[in-house]
Amino acid sequence: MAAMKTVDRFFEDYAVGESRTTQGRTVTEADVVLHAGQTGDFFPHHLDAAWCATQPFGRRMAHGTLIISMAVGMTAGDINPQAMSYGYDKIRFVKPVFIGDTITVTAEVTDKADHRKDPARLGYLHELVSVINQDGETVTVLTHLYLVNKRGEPS
Amino acid sequence: MAAMKTVDRFFEDYAVGESRTTQGRTVTEADVVLHAGQTGDFFPHHLDAAWCATQPFGRRMAHGTLIISMAVGMTAGDINPQAMSYGYDKIRFVKPVFIGDTITVTAEVTDKADHRKDPARLGYLHELVSVINQDGETVTVLTHLYLVNKRGEPS
Amino acid sequence: MAAMKTVDRFFEDYAVGESRTTQGRTVTEADVVLHAGQTGDFFPHHLDAAWCATQPFGRRMAHGTLIISMAVGMTAGDINPQAMSYGYDKIRFVKPVFIGDTITVTAEVTDKADHRKDPARLGYLHELVSVINQDGETVTVLTHLYLVNKRGEPS
Amino acid sequence: MAAMKTVDRFFEDYAVGESRTTQGRTVTEADVVLHAGQTGDFFPHHLDAAWCATQPFGRRMAHGTLIISMAVGMTAGDINPQAMSYGYDKIRFVKPVFIGDTITVTAEVTDKADHRKDPARLGYLHELVSVINQDGETVTVLTHLYLVNKRGEPS
Amino acid sequence: MAAMKTVDRFFEDYAVGESRTTQGRTVTEADVVLHAGQTGDFFPHHLDAAWCATQPFGRRMAHGTLIISMAVGMTAGDINPQAMSYGYDKIRFVKPVFIGDTITVTAEVTDKADHRKDPARLGYLHELVSVINQDGETVTVLTHLYLVNKRGEPS
Amino acid sequence: MAAMKTVDRFFEDYAVGESRTTQGRTVTEADVVLHAGQTGDFFPHHLDAAWCATQPFGRRMAHGTLIISMAVGMTAGDINPQAMSYGYDKIRFVKPVFIGDTITVTAEVTDKADHRKDPARLGYLHELVSVINQDGETVTVLTHLYLVNKRGEPS
């Protein structure tokens, strides 16, 4: 009984080390089929259960871009008009995610820096996004990059 | 930069008259096509643009169940383990919603009452959910019914 | 080897007590994933198999609005230009519907009444829609409300 | 206010020349995107609006298999346990179907014949399925082949 | 690390008897649910697991049009501007495809013929498309018909 | 008339500077709606046409993760068992992609390096993936990282 909100949060309002963790979400066969359909990637690693059963990994894996998309979506919540997502760094697929796995996502502020050209008004914020499976293993990581307005006034 | 949270909110924490309003969402042709696919309702009112153009309403309308589903989804947010949704009353389709319309949803606590059998521990909460289009017209209303745990302690 | 038809049926043509029952339909994981995607409701009760396994209900449940949407869609068939659906009353989620359950739907005419302002030309028709699972349990009910033209001629 | 029904119809109950026509359905961009996703066919004829605008046909076309699938689905209705669809003949893409076109489908019984091996109990039934666009042009045709039980009793 | 390419291939470049085989693809419950949604065919043979369990075939079957759509999509690859698909012949559903089956597709050039009216510039090409399940059984066949430009020059 | 193939390509077979360009694909409203549904990100920047019309950018934008997913999918083609994708670097959203834009993708080998621990058998390969809109503007870039087996034999 609440809803997506718009909340102003400025550069000064973030602290390195703060973190948050999402609810879990099971990566279903339907998610993988829909993602194949959205991307056109029908590789047998994702869609051919018979062939996967003959491979060392044994089961169908989710697309890397599906896990990234889910993880970024799961960490989105309140709308912050003061922050703009401008990219990601160091996306790494540490372990495969299989159909039926359940993932949760942790996002931690790992870095804050002044903007190179406009340090009075803007700052860079880095969030380390870690995707964890039901066994507690980190399966995917990425650094989410934001450009955030400074309040600039004593608050 | 926030995410779906679990927040305990007890019966005593709600006040009649409090309300919240969601972000807007455009009801797209894709939403209507997907809803036809989910429900099996392929009535020409929703899916036949040529026929609709010959009718007084002139354009394809969204399914009533699509608007209900969207509205309930848009007002969901934080997870409250103390509240359970058990039904809806007085769903009324006041005006049609056409493909391309943008809706926002307001939810207002309109009623609180003790549970008939267990008034010490449970209460009924009614939320009036109103769907408003881009012209400010109310298009759909419903009353969302919750059973909510009482804190039972002086807070 | 037949198709959606348009059939005129007037207020006088309905009798209280008449009923019809649909084919069955299995509520699949894909349906729940698509409904989450259509509504934005990604609550763990529907999408987190690992967490559900730790709860008393044990398994992922379908969204209430999915069951309503399916049930209304399953009872739609012939197009009746003389009847207009204007809302629902007393939607109640009697028991949860789990992924893998198969539902059938019964719709029974439970009430007929003259229109308050134009009794010569219009009438209200109420259909009790009951969703039954594979174990014969009623899981969801609602009353579907129609405004129906009267034939107005001796038939 | 009716639903998918099961109706027994035997070979003797069909007459060459009988036909039925469906409601219309608009072939939307969403349908084409979903069909690309279901088939893996992302050819620019279907998905690249900019390139299509430079071609003689000027607009994005629906996949042939989408039109076949829609047409067969639109002519399905009552379930007839006495008939089994076993294939199609002479599928021809007579004219392209563009995104935004509205199609209706006519199905006409064009041929009846005894089964080669079991003429006392089975017969072949051919239905000519014609897809017509909003300008009255036939865009796709196919012959739907059924094997139908004979009643075997004087009817 | 390659992508959909445009490759000119003329009538003279095809040889009767040449064939190619696709990767495998598992026909999932999600595919069947999406195809029901795309076509409006919600027959219990495809969507009612409880009823199917009482039938001789025991499990939910894929729609015939889903297998055709998948098979044609799986055999699409390079874009050949010199060839135009104009239809299919002799589509036959030899055996059912069940949810969970994995199919591969073989396409073999079975016939080449000069165009009736313009033999100097055009030719007909027939490809026999065979869908094979994980047990090596042929489940669906069709003949894919192409009209192909002749190079017309000694190559 | 070709299909997804498996082609062995070793580290030695790639040359810095080689590149390939995909067909185009229009980013449709349906793609954005489906991506919102897959990720749970229903931000008004993507889904609220009325609000977007009041903003400087004026129109609904695609999700960044949708463009990444599409771009990676569009550059996938032949299966190379000798190469494994292990991540991405420097994903940057240079310009927004709006609903209706058509993108093409270029992938260029920009770097090759020996594996740190096993230089005799493995190498790193970097591909710069650039997403270009219909006006020739670069809208998104990323570096796709592969670990590739060396042939190890004089070729």
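Letters are used for the chains, namely A, B, C, D, E and F, taken in the order the chains are written, and counting of residues starts over at 1 for each.
Just so we're on the same page, a contact is a pair of C-beta atoms (placed from the backbone, for glycine too) under 8 Å apart; a residue touches a chain by one contact, two chains touch by 3 or more.
Being a predicted model, the structure only gives us computed values, none of them experimental.
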- If you walk touching chains, what's the least steps from chain C to chain D? 1
- Among the remaining chains, which ones contact both chain A and chain B? C, D, E, F
- Since chain A and chain E are copies that touch, is their contact same (over half of the numbers shared) or different (under half)? different
- When the centre of a chain is set as the mean of its C-alpha atoms, what distance in Å lies between chain E and chain F? 28
- Taking each chain's mean CA coordinate, chain A and chain C are separated, in whole Å, by 38
- Message: At least two partner chains per residue is the criterion; list those residues in chain B.
- Response: 4, 23, 28-31, 33-34, 37-38, 40, 42-44, 74, 76, 79
- Query: Where on chain C does chain E make contact in their complex?
  - Reply: 23-26, 28-31, 33-34, 74, 100, 102, 134
- Which of the residues in chain A come into contact with chain F in the complex? 4, 31, 34-35, 38-44, 63-66, 68-70, 72-74, 76, 79, 85-93
- Task: Using the touch definition up top, name the residues of chain B that touch chain D in the complex.
- Result: 28-30, 33-34, 37, 42-44, 47-51, 60
- Note on the structure: chain B contacts chain E in the complex at 34, 36-38, 40, 42
- Query: Considering the complex alone, what residue numbers of chain D touch chain C?
  - Reply: 1-7, 9, 20-23, 74-80, 83, 105, 107, 127, 146
